[in-house]
Amino acid sequence: MANQLALIQNETLKVWKKKRFAVIVLILLVLVPVFVYAQLKIAENNKDKFTDWRAELRQRIIDNTNALSSDRVPEEWKKWRVALVQQLQYDLDHDVNPNTPNAVTFTNSFLRNAVGMFIPLMVLAVASDLVSSERSTGTIKMLLTRPVRRWRILFSKLVTLTLYVSLIIVATAAVSYLVSGLVFGYEGWREPVFVGFRLAGSDIDTADVHAITQGAYLLMLMGLVWFSAMVVAILAFMVSVLVRSTAASLVTMMAAVISGAILSNMASSWHSAKYLFNVNLDLTVYLQGSPPPIDGMTLGFSLAVLGVWAIAALVVSFAVFTKQDILN
Amino acid sequence: MKSKKSWLWPSLGFVSLGCTLLLLFGFGWALKDAWAPSAGIALPGGTPQPVATGGAWEDKHELLVTAIGDSLTRGTGDASGQGYVRGTVDRLQKALGKPVKLVNNLGINGLEASNLTIRLDDEGFKGAIAQADLLLVTIGGNDLFHVAQNGGSLAEGGDIDVQLLQTRLIGLKPRLETVFRKLRALNPNGRIVYVGLYNPFYDVPALRESVGAVIDEWNGYARRLAETDGNAAVVPTYDLFETDVTRYLSSDHFHPNADGYARIAERVAQTLE
Amino acid sequence: MEQAQEREGRPSRRQAFQPGRPSGKTQGDVVLSVERVSKSIGRKPIIRDISFDVRAGEIFGFLGPNGSGKTTTIRMLVDLIKPTGGRISVCGEDVNRSPERALRHVGCIVENPEMYSYMTGWENLAHFARMQPDIPEARIEEVVDIVGLDARIHDKVKTYSLGMRQRLGIAQALLGSPKLLILDEPTNGLDPKGIKELRAFIRELADGGMSVFVSSHLLSEIQLMCDRVAIIGQGRVIAVGKVEELVAQAETYTLWLVSDPERAEALLREHPDARVVGEDEHRIDESLLAAMPGAIVTSMEPDAVPGWVERFVAAGIGVQAVHRASPSLEELFLKLTEGERLG
C-alpha cells in the first residue's frame, strides 16, 4: 500500500510539470499590469478633478443619490446603490478613506472583481483536466493498474487540487500586490476599513460595523474567495471524472460559471435561483455589505448552498471513479 | 543516470500547504468576523480638514468653489451636462486669471430646503462647505412648485394654485434662513451666492403675473437675508428668460436648457467680478 | 483454491487440451487464475464464463481475433474493468476485492505504453515507483538498465520513438519485480528487429521465473513465443493448451511451385496420400500466396513430401519451391469451433 503522501506528491508534480501553474502566473503577469494601468489612469484623473479624497467620496455619494431618483434604474440596482451610498457616507462621516490608492486596496478590489469569473476560470485550468487528461491520454490505464485503491488515487488528486487552488489565489493576490505596489506603493496594510454592514430591508444596519485593517480585510477576502474557488474546483473535478474529454469538461464548467455571473445580475426576481451554486459564488458581497444577488441570501445561506453542492459533487466523483470500467 | 536530488516537491508541498492553511485561517476569520464581530481597531484621528481662510480673492493663488442645492445646481435639463456651476467656474477662472477649482457639486435632484438643512448637519459634507471660498446655492424651487408630484402639463402651468404657493412661501422662508445661518456657521469667511428663482410660467398668461409676484417676494426675502449676512449675494435670474422663455427652458418646461444655464452662469460670474 | 475449476469439471474438449496438472513443481504454481469470469455491459454479454490458469515461469499466450473479448479480459485481469461474475486472482489475492495486494505482483502494459509525455522517462518511472511499496532508486536504475534506455532516460517522453516508449512501458511494468507480466499485443508497431529482440527478452524474463501473459491476434507470434495458449473467440475460451498440441489440430498445408502445374495437379489427384486443396477451402495468409504465385496447395503428411519431390522429378516436372504453411489463426479457429459444434 503506497503511502498517501507519495500519491499526492505524484499528482502535485504532474500538474506542476504540465506547466499549468506557470501559465496561470503568466496570465496574471500580463493581465494585472493592464488593470494597474487602468487604475492609475483613474487615480490621475481623480487627482485632477478633486481637491482631496473626501471631495471624490462626496461626489460619488451625490452622484449615486441622484441616480436613485431616476425611474429607469431597476429596483435591485437601487438597492445596491442605497447600500453603497450609506457605506460611503459612513466612511466619509468617520473620515476613513475606503480607496486609498495603495497596493493593498488595489489587491482587495482586484480580488473582489476576480471572484466571479477570473478566479474560477484559472481554477478550471487545473481542475478540468485533473482526471479527464489521464483518460484522454490513456495514462489512467497505468495509474489504475498499480497496487493502490482507486479512492486513494482520487483522494490524492483532490488534495492536489486543493493545494493548487490555494496557490492560485495566493499567487493572484501576490502578483496583484507586487505589480500594483510598483505604482501605488507597498504601504496600506494598517489602514482601516469598515466591515459588518447588514442589510435590513431597504436600509443598512450599522450596529455591527467596525473597523479592521486593510491587511485583515485582504486575508478575509482571500479566505472567502478560496472557499468559492474550492467549490468551483470540486464541481469541475466531478465533471472531469464524468467526462472523458478535457475540452468538454472545461466548456461545461465555464458555461456554468458564466451563466452564474449573468444570473447574479438579473435573477433577483427568480427566487429559487438562489439554490444554484453559481449565483452564490461571490461571498465577498457579505464582507462588503453589498446586497446579495437575490433577496434572502445571507453568508450562512450561501455557504450552505455551496457546501451541499460540493459534497454532492464529491460523493458522485468518488462513487463513479471507484466503480467505473475503464473501457478505452 | 542518477537523478539529482529534487527540491521541487518539498518546496512545492510546503508552500502550497502553507497557502492552504493561510487561506483557511482567512476564511475562518471572515466567518468569525461576520457572526461574532469584534470591537474593531481604533480609528486614527482624522487629519484636520482645510478651512477657507477668507481675505481678498486677489491674494489667493487658487479659489475653491462648492455648489449645493437642487436640480439647478445639478444641471438638470442641460444636455451637455455642464449646468450653471461648471459654467460659472470656467468664467471665473478666465476673468480672475487664476485656477478656480470646484470642490464638489452637491446638487441633488428634487432637493427641498428642509432636506438641505438636514444635509448640512452631515459630517461628511461639512468639509466641502468649510473649505470653499465661494458657495453657490440654489434651493426653494422644489418646495414651491413640487414638480415631482405635479400631474398637469407644466407648459400650461399644470395645476399650479397661486393660493397654495403663497402658503408654501410662508413656510419656506424660515428654512432659507436656516440654510444661510448654517452655511455661515460652517464657513465664516466664504462668499455665499444664492441664485434667485425665475418664473418658468412667464409664457402662460394666466400665471405670468400671479406666479411672478410670488417669485418676486421670495427673491426679495432672499436678498434681505443676504444683506443681513454681509458677505452674501443674491443673483437675480427672473429677468433672464422673460424675452423668450421657450428658447431657454428645456423640454420639461421647468429646468433651463444649455443656453439657459449659460445665461445664469454669465450673470453669476458678472456679479462676482 | 486455485484449482477449484479443475475439479468442477469443464467441457471435455477443453480438458483434453489441458494436460492434467502434474503433481510436484515441474509445471510451477498457479500465478494467475481466472475462474468462470463473465462480463456483461448493459444486457449484452461480452465475456461468457471463461477460465484458465497461468503458471509460474511460463509464457502464456492469449490468442483471439479483434473483437473477441481479448481486451476486455485483459482489463479485467488488472482491475480496469470489474467482472460481473467469477473470480480473478493473482498469487491467491482477489484482483477485484483487494487490488492493492493482488496488483503488487502484476506488471502490465494495456494497449499502448502510454506515459506522461511532459515528464522525462526517469520522472515517469519515479512516479510509478512511488505507487508501490519499497522501490528504491536503485531499482529504477536497474530496470532502465534492463530495457537499455540509459542514454535517453532523462529526456522528455514526448521525444521518444514508439520503440523507446515500449521499453519504458516494460521498465515501468518491471519496477515492482512482478510475478506476472501482462503484455497486450506487445509487438504492435515494432519493426521485425524489435519484435525479435522483444521475443528474446520475454523468454529471458520467463527463464528468470516470471510468468508472462501475452495477448495477440497472430497465431505465428504466439507460436514463436509461448509455452501455452488460451484461444478466445466471441467471449468464450475455445481452447487452452500447449501451443504445439493446439496447432497440430489445424491442418498444415504444403505449397508446391512447379514448372507444370496442370500435370502436377493431375499427378497429385491420382495418389491417396495427398489432397489438393481448393482455393476457397484454405485460409492461407495472402502474403504467402503472393510470394508463390500459381502454387498448388496440398494437404499431406510431412513424411510424404520427399517422395513427392522424387515423383515430380521422375515425371519431368521441375520443382521450383516447396513450402510448408502453418495454419492461420482463422484456420485453427474454424477447426476448433467445428470440433466444438460436433462434440
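Note that the chains take the letters A, B and C in the order they are written out, and that residue 1 is the start of every chain.
The definition used in the following text is that contacts are C-beta pairs under 8 Å (C-beta built on N, C-alpha and C of every residue); 3 or more make two chains touch, one makes a residue touch a chain.
Only a predicted model underlies this, so the values are computations on that prediction, with no experimental measurement involved.
Chain A has the C-alpha centroid lying closest to the overall centroid of all protein C-alpha atoms shown. More C-beta pairs in contact connect the chains of A-B than those of the other pair, out of A-B and A-C. With centres taken as mean Cα positions, chain C sits 92 Å from chain B. A separation of 38 Å divides the Cα centre of chain A from that of chain B. For the pair chain A and chain C, the distance between mean C-alpha positions equals 55 Å.
Looking at chain A, residues 9, 13 sit in touch with two or more other chains. Contacts with at least two other chains are made by residues 123 of chain C. The residues of chain A lying in touch with chain B in their complex are 8-9, 12-13, 16, 50-51, 54-55, 57-59, 61-62, 65-66, 69, 89, 92-96, 162-164, 166-167, 169-170, 192, 195-196, 208, 210-213, 216, 219-224, 226-227, 286-287, 299-300, 303. Those residues of chain C lying in contact with chain A across their complex are 41, 75, 78-82, 99-104, 106, 108, 110-112, 114-119, 123, 127-128, 130-133, 172, 176. Residues 1-2, 6-7, 9-10, 13-14, 17-19, 137-139, 141-150, 323, 325-327 of chain A are the ones touching chain C in the complex.
The touching residues of chain B, counted against chain A in their complex, run 8-9, 12-13, 15-17, 19-20, 22-31, 33-35, 37-44, 46-47, 49, 64, 74, 101, 103-110, 122-125, 127-128, 131.
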